[in-house]
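The structure that follows is given in the form of structure tokens.
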């Protein structure tokens, strides 16, 4: 199944960038969970194109219509479907490049995979626009988790070499998480944020784009959630996160830095605090050991490549006649996807964690 | 399912470090595939403890007995089960630390998850020993892929700061892959390998351990394999790779380095070569676009943390009475898991790719 | 997953009887398959309420809007979503019986399962109306199968003791299948059909309802499709067929009659015909041996209970205060679901067979 | 996956009739559940060949060795694997008929499916012998359910036209279930049992075989277990039951008899009894409405065809050269599989119900 994932929570995402609508079905949600639609739209609004220069000029209202699974303000427990109409379609922007493979995009691989029958307009099903239904699902799951005290939030750790301060993976609080999510340009250091905005703007003016890293944290997940081997928290989160376009890597806790560490540095020593809670003094394990939560904050970082659509001429192929050619991409696109990717990462994590939480006794 | 993964190829791994046996069931293998048992044992031998100082002194013969699914030297198409007896068990090594949570291990999280009923001797089901059946499955899948010309191999890219040269992700050949696998200490640069061995030995003498990075490549995978969203090549590979203990991160192609790049650098321009094949001049995309293979080599890197078992005293908790305590781990353990992790990464990739290849027309 | 099934073809059905819309997402369809919308609506029209007395007076236009996965008249290979608006809702019909459990319905079990939060209007997600998206999915799969020569059709074998002639499970042809489907009241014997209509009308006038049996056949399925144990054709078909409300049993080939037979009668002897095709002279095995198709027609029968909604007073409970009470169901309902169930059975079979056919070499 | 099923409980069955061993991996069992090995062997013993004339003369000790997932007498929560050695193999019995398709068996379909590479000796993976690991898994699940008061038992309802009395689906008690299971020839009426034994013996003397029906009941399953559509109790039970060789049909509650009934007869009226429990006065729904348990006993019937192996000459094909031929099957085989199928049906039901029960709050 390409766009259907079925753990304890099932998520089925459908739609193409320039088709009539996109949407999602969420199966096996717990019943009786209220959904605050304002908070949900706020979550999705963080993914929507910004009204400033860092983002595409395409205007997407992206107001989801709930078709099922929601009654009297609460989840019914039966499949919840939300549909988002595609209202602002400019297919003609793409017509002239229909058979030129845009470098960095899935145009060529999609055409081979689907033997030329997929809808390539605007990337079709591969479009970043499909993260809107992912965010819808993630926002719903997030509200259910927050009702149990479990909060997930992310910030921009890096854009084109400019680095924000990292989350304090030991002491981060629920309030820190909420604060991070409320910023219009979500960095911990505003100064780093300003520099990043400048990097993005410079790339845009230069008809180029830049990549970056999103760092995400979850607080208050109880210990004992997850499983070893193929159904651990990392496995499920990674499977979902790689469903977001442009992701090139994921790491948990100390991540790739462990390759420079000694065991005596990396090992997080356990202790029992004065309230009788088990904790670790450092959190290089990112809150997960053997696929199972330790009770410490879950931390992870996700690498996003620079937007593939750039307005410079690029060499490529015309796959209608297999010749070498040159492409100049017009149309609307973000010079950097990272700011809008922040809630997408949160969404993927929320879905993964709620799915595992359903196994938790007394959930 | 913790230890069962069911794509097109199903893999079910069972066993504990100190139980009677460990093993694996592989379901839905294509029928009529011969398995070269010498090559298979050679593959598994690369994972077995080395006879030098870089590795645990535990002797595991690890000769798998095939119980089913294999007849007249070929796969039958029905489930193939292999069992490996646990012959060299020294449970007493672990007796005295039975209720002290070893830092970096899944002792504490496993006890919470399984309410104290899991077999904790030697890590139980969380033990690195469970990678033996994973390697068995990966070796079988690998032989089937190689019969179609698809070769996967990995090397040690880094150990504790010492870096090997990277795989040439554009020009790497089948022979390069085979050569990489034949080395007893698999680095591309022998000099880098020597330095790494010194790092490991220094750590061992210092009662410490070191982490590192494995880099893996697959050549000759045809274009068009995989799917968008949740069932792409990255999703499946990541889900399997995080099934290997001690993995903290995975990246494809340029990976986390994309966060420092411009789109104009990162985008891989397509061209048609003189034979009419579609290629890219660079391979920052790691052979995967939109979850689907492009025909270029698949490249990925996996971060492994330092061995958690170190012989120094460490602070920790005694979870039988929830008190703070100190642990000194005795017993046999590797000062660095990375050399033995190399075939494990190959195994995970082989399973993921064969699973996706079964959808390929005329496979 | 309650309403999501993920084999090689994924199907995710959503909606409630009186919500805004119902629909379905079909994942992993082969790309490049044209869909004849007239034929599709004709298929769905056979499930729609009849304009005669055998059926509910509720008017459902049930025109599906395709939201995705369909481009230039062909499947794209990415998820195909169809939505059907609920236009003719009379919720007030159900208001007064909101907390009385209708006997034979899932009102009580649904309320326990979903802790009272499910949408009970008109049966909610348990409504027979949800077979409309099932039929949509089945019609799409059926057209893809028919392009390969594989035809599935069903007829009413029995209604309240009146029995139609059985399908000739050895000699049934493609034309027989098509003829069966074209009848407005699908029986092989028109005389039997008339008697059945009389039974239904008699029940209706008596404020009662009647049950029956649907018999289904598939011709030209090649030998070798399916798998042993849990993923055989019977397993998959049964899992889907029990997704249709009111089904109480399923049997293949000779079915329950095998309990009266000798092996020497039941065994179907193989022979090679003059064209070199392997056949059996009888077809008690219903075209399936060991979960795998034999090349003979697939035959099965499905039992449907009488419509649970009857207009007579019935004893029941009020689950709001757990007291005994009496219910008299008003509103629109069929005195017999069997005629409308005929295409639903075909749909379930089509989905199951296409799912298995995707494993077929050169499909 | 042919022989791997992954709901909340995962079951992976492997082995061939004449290979080294058969077995099963059970994944995601709850931890801390004790297993009474005597009761387990007793359960499996009911499936083993009887020492009388109704059964094959093959002696199978079938003592399962537990390889993992079981520690200090309790389940660990990690995968439980059991292996049964094949000790009493007489492959030569089958050698001479190796390329003649035995009518009623999966020889021909298996050879097409697996392109001639499957192990056909004794039916290979299609052998009834593979129900031994199924029974192992079912026995383990059954003990876990019984600890919660949920008991499942079955009896022979019919053999070749001779009918036992049916289970009282309204008043059946836990003690009735246990009594049924303790009989060596499990019928409710001993007289009916004697007649059945005579039918089997007559068939045997006549070199023939007979089929029958197994009826199964589960008591004390709480209301609210299961889900609508594709993941209801019927769907899951049916998917598992069709994994038992020779099954041709399954029905729940009144089953196929509903085709002769009025809604006013079939509907089971609810009432609240003096203890405040919700019940129905009749149980035509078999304890399941909308895929979800009602709290009434779960009842189902499964049809088994006559043993396909009969010692009479039968026409068939030689698939090595596609010619018509004649086969006379020698070797050991039961003239009726129904008595040994009784615990197999219980096993399938136990696995299905435990799988669904894991979703139950406070399980």
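Letters A, B, C and D name the chains as they come in the text, with residue numbers starting at 1 for each one.
Here, contacts are C-beta pairs under 8 Å (C-beta built on N, C-alpha and C of every residue); 3 or more make two chains touch, one makes a residue touch a chain.
These numbers come from a predicted model, not from an experiment.
Chain centres here are C-alpha means, and the one lying farthest from subunit D is A.
More inter-chain C-beta contacts link the pair A-C than the other of B-C and A-C.
Separating the CA-averaged centres of subunit A and subunit B is a span of 26 Å.
Each chain gets a centre from the mean of its Cα atoms; for subunit B and subunit C, those two points are 45 Å apart.
Averaged Cα coordinates give subunit A a centre that lies 39 Å from the centre of subunit C.
Of all residues in subunit D, those that touch two or more other chains are 1-4, 13, 28, 78, 113, 125, 227-228. Taken together, the subunit B residues at the contact with subunit A in this complex read 1-5, 11, 13, 101, 103-106, 108-110, 112-113, 125-126, 130, 158-161, 203, 208-213, 223-232, 234-236, 238-240, 242-243, 245, 247-256, 258-272, 276, 278, 280, 284-286, 288-294, 301, 303-310, 312, 314-317, 319, 322-324.
Those residues of subunit A lying in contact with subunit C across their complex are 1-4, 6, 10, 12-16, 19-23, 25, 27-28, 31-32, 65-69, 71-72, 74-81, 83, 113-119, 124-125.
In the complex of the two chains, the subunit D residues touching subunit A come out as 28, 78, 227-228, 358-359, 361-363.
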